[in-house]
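Shared between the two complexes below is chain A, which pairs with chain B and chain C, respectively.
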Partner chain A sequence: MEETLFRKQPRYPWVIGYAVLAFIFLALPFLTTYDVLVEDIIIWSLFTMGFNLAFGFTGMVSLGHGVFFGVSAFTVGILTLHWNRSVVTIPIGIAMGTLTGFVVGYISLKRARVDVHKALRIAYLVLISIAASYVTMYIFLTPLAKYSGAEMGLLGFPNHPMRVLGNLEIDLKSRTQIYVIVGVVALIVIGWLHRIASSPAGLIMRAVRENEIRVGFLGYNTFRFKLLVYTLTAFVASVAGALYLLRSGFISVDVFDFKFTSELVVICLLGGRNAFLGPMIGTAIFLILKDVISSYTASWGLFLALVLIFSVLYLPGGIGPMMFSLPRRVIQRWVKKSEIAPR
Partner chain B sequence: MDLLIITQLISGLVSGVLLTLIAIGIALTFGLLKVVNLSHGAIYTLGAYIGLTTVRLCGNFWLGLVLGGVIAGVVGIIFERFCIRKVYEYPVLGFLVTFALMMGLTQTIRLIWGPGNQLAPQPAYLMKVVYLGFIPISSYRLFTVAVGTVIMVAMWFLISKTNIGLIVRASLDNRDMVDSFGINSSRIFMLVFGMGSAIAGMCGVLASPIFGLFPDVGGQMLILCFVVVVMGGLGSIRGAMLAGPIIGVVISFTTLISAGFSYAVIFILMAIILLTKPMGFFGDKL
Partner chain C sequence: MLELKNLNAGYGSSQVLFDLTMDVKQNEIVSIIGRNGVGKTSTLKAVMGLIQTMSGSIRFDSAEISALPTYRRGRLGMAYVPDDRGIFVNITTAENLRIPLIGHKAEKRDNLELVFSLFPILKERWNQKAGTLSGGEQQMLTIARGLVVRPKLLMLDEISEGLAPEVIMNCCSVFNKLKPETAILIAEQDVRVAMEISDRVYIMLNGSVAFHGTVAQVKQGQAIEKYIHL
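Showing the complex of A and B:
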């Protein structure tokens, strides 16, 4: 897993990247007939890119991010239905999701110190996040059944507009408004994540993944750092949850199941967990494949398992970096040739 | 009311013994290979379905028990040989590969045997009620406990008294040292993995009349087994033997309230134990 630190790179490719992203996020939903799929891809890539900061960059396998997604979405939905029809509920929901993430992260990272074997640390994280998924599922199915709609899911959310300020309202049934909101928020959050991933903090994340003990020797408090990253990813998951609720107007307790989050792991692995944009490519491939294959056969899981085994054993870098490195290599070869040619 | 408590206690102990048996496989593979083996649950399901088919075809429960164990063991060895062996050095990838194997095997089982519930076979001569004093117990449960105890004692004998067990315990401490003595430790690992899988398969045949039989049953058992293994200390067989019955009893009492509640309780219990005794009951001794 070699990575060149502080690689000298011209800045303009990122401008092009942002422009392409802005086009995909803001224009593509209005240009195709597959707008629902595109919106799904946008929200899920936001979710997986956040998740990848914990999974791919810092090396923390967590199956609990669906919990933060769900807690945020349910909080927004329940508060909107029973308390106040305005956008005030969205920050509250995101705060609830982030808080849950902080608590779960604290419990699962507190004892997973560096003197514990690496596999054991991963096992702690995985098991406590599964525990969190079962506990929240119980909480939302039984004590909160009256509000969350139990197995039916949250119903009746999109019937009225949401108030922003004065007479300004978000019409939850207008696709245009929702798509613009989703696109803009996703762009801002992904840009922010990119700033984090390419900052010195992003380097420490990767260093923690490679060798946590040595990062500790350098004087960093790895527990606090990992907790920070975990909470950050929980925040991104909560934002994605709130956006998901706004977009689809429906949320069910299925998102608390750890199998929901395990799909995120598959996506990150498929797209490339060491690359920042990898999860987005993985999301696109995953959702399109899911759409296509589920229409032919019911055993989508078997196909997924085969893809996962193959990509772990033979393609651990993922598909995403390959898609970026191939054109770059071709261009570099072409540039070299054109430099050589005039001589 | 007393009778209810006692019967719940006994059924909890019985399921605890079964959980311990399945958990031993996970504990062994974790202790030796440092791989969190998620495919164990699916292997349990495979053994259960093989037993079901065998009993339907030839009507012999014992043959089903043996065949379920053997085929599950062979599948476990194939998994180890062709997939898990390649990712020993990378715990994250190992976790993902076993997860994929679990998913693939469960889906294959669903394709072959169908998604619905199956009525698991139990031998006719064990469908009786035995009275211990005034407490009625199904004789099948007693039989399960007896077989489970036999397997556990055999495991203990193998690990602590034989040459293979010596090599296994030595590899737990220092694998490179064992290799440098000229012992092919990866073959031993394959054997241990197959043994754990075989026990899981036999447990599948034994436990499916009690826990029910459907393609996802292995996933549920796996989660419970992980709680057992973590409470006992990952990699510790003694710990699993203590934690299994505790978890079984807790489940059987809390299920009286609701199934979701029992899951929430055992996971909160597990979180508390991880926070207070992170290495389990006995530390990391086998």
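Showing the complex of A and C:
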């Protein structure tokens, strides 16, 4: 009986969705001249979808994810340039980013217990993540300036191939290799995130967003749960950071600025924070608009403001869900009309 | 089962429970009655750990729990049904009942059947967002969510609110059946309902117990007239 009561969603839409994603991630970059933009969308989608698990699903507003992205990318870059030219630096970088996420999450969630007002709890997270942004900015600009390249950013990364095993190497200048790596990793991580979001844990996330106290008296340690989700999203941000470095060969301290992460919030709101694929649609729209509009005018921010105002006023659920519901509604209306017509 | 001894508790620095002593035994339905603001809800919240214990003890299954966080108390087998229809409105009825069941697998089927026999309407609303349910249905869902894990102690705040009289009576007969496994503590404003369903009654006044006894004793002692209809 429970099988029918708590039945799983049918699988085929997800299989189709995954096939479409696989096409976009693995084939599209080779079929278009806008390959750089497509790669950007892929990496950023991964980043925002991870971020949205904390922001949209669990209701944790953080401006610190750029920090984890950056720590991971810088660690990989610095270690590769100064220590070891092999892929071993990548897991170290991801681990560093994730660890930073754990520490930031621990500090900001520790005091945000359920008896603290919800607005204050969100403020703690925002403020501590801003603090993390300043601290890492300082660390990479001053004590580590020699390695990080300070304001110039990390230079010289892609000039040498990365060793994997024996004679097997990743050629950082080969688009084919990089695009395949980025596509495959992004597909795996997004698939994994989807599994989490549709599992019981995803259900608890949505319940925590709605009312943490109630989740607490149902027997869940919400502090640990939120910290776990936060660390998980930091991990995804770190993976995205490492991929970004591999793809572009460059990273600058700008990513530590909390304004950088605030763009993620914008993307999630634009695409739809309640939908799993929302942030990906948001990312695509955001980056394409940015690309197109910046080529005409320098005041890209103004257009973004207009888009934001429009989406807040008319699309509170985001553009993503609307893209699926609008055609359905149009078809329904059309079917209804054709039913009425013969009379 | 549950023992409160000289419990002082409150919200931050303002104390609302004073030297409260109360107990609920296995196989018992106990009601707390009293006027508005005497501390009925606060008592349940203190047991659940939602307000701070200042001094005194709370023992559950003969273990001291007053220092435990809320979620640990929940795991010990306490379920709390708040009076504000504490459901999650943005997820479906099914998902609301799913959340407390994650991790308990064994008797899931029986428990859900029990819930359906009690509130058949929930089956019709199964895949509907809980926020779209009517007030009474939301109340049913809240009670169902508490019952579905078959807790050792079920605490209900104002069950009569929003439920039709026959639904309340239906609940009561189920509570009576469950009694051997699930002791029940009810905070209730409707004296008639409380007297109908309970084995024992506590009457609260100004944050402590003014009178307690069996339903017969309460009737005999004219306690209702004395402490409630002042």
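Keep this in mind: the second predicted complex is superposed on the first by the 316 of 343 C-alpha atoms of A that agree within 3 Å, B and C clash if a C-alpha of one lies under 4 Å from a C-alpha of the other, contacts with A are read in each partner's own complex, and residues count from 1 in each chain.
Going forward, a residue touches a chain if its C-beta (ideal position, glycine included) is under 8 Å from a C-beta of that chain, and two chains touch if they have at least 3 such contacts.
Just so it is clear, the structure is predicted and the values come from calculations on it, not from any experiment.
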Check your understanding: Just chain B (first), just chain C (second), both, or neither: which does A:Arg195 touch?
Key -> neither
Practice item. Kindly classify A:Val135 by the partners it touches after superposition: chain B alone (first), chain C alone (second), both, or neither? Key: first
Practice item. Check whether A:Gly219 is in contact with chain B, with chain C, with both or with neither, and answer first, second, both or neither. Key: second
Check your understanding: Now for A:Arg329: first (chain B), second (chain C), both, or neither, which partner does it touch?
Key -> neither
Review point. Of the partners chain B and chain C, which touch A:Glu210 in the superposed model: first, second, both, neither?
Key: second
Review point. Which of the two partners, first being chain B and second being chain C, lies in contact with A:Leu313: first, second, both, or neither?
Key: first
Check your understanding: Given the superposition on chain A, which partner contacts more residues in chain A: chain B or chain C?
Key -> B
Point to revise | Shared contact residues on chain A - chain B and chain C | key: none
Revision key, fill the gap. In their shared complex, chain A is touched by residues of chain C numbered 48-50, 69-75, 78-80, 82, 86-91, 94-95, 98-100, 102, 108-109, 112-113, 126, 145
Revision key, fill the gap. Touching chain C in the complex, chain A uses residues 1-2, 5-6, 114, 200, 203-204, 206-207, 210-211, 213-222
Study note, to complete from the structure: chain B residues touching chain A in their complex are 30, 34-36, 83, 86-87, 91-97, 99-101, 103-104, 106-108, 110-111, 223, 226-227, 230, 234, 258, 260-261, 263-264, 267-268, 270-271, 274-275, 278
Point to revise | For the chain A and chain B complex, residues of the former touching the latter | key: 59, 61, 107, 110-112, 116-120, 122-124, 126-128, 130-132, 134-135, 137-139, 141-142, 262, 265, 269, 299, 301-302, 304-306, 308-309, 312-313, 316
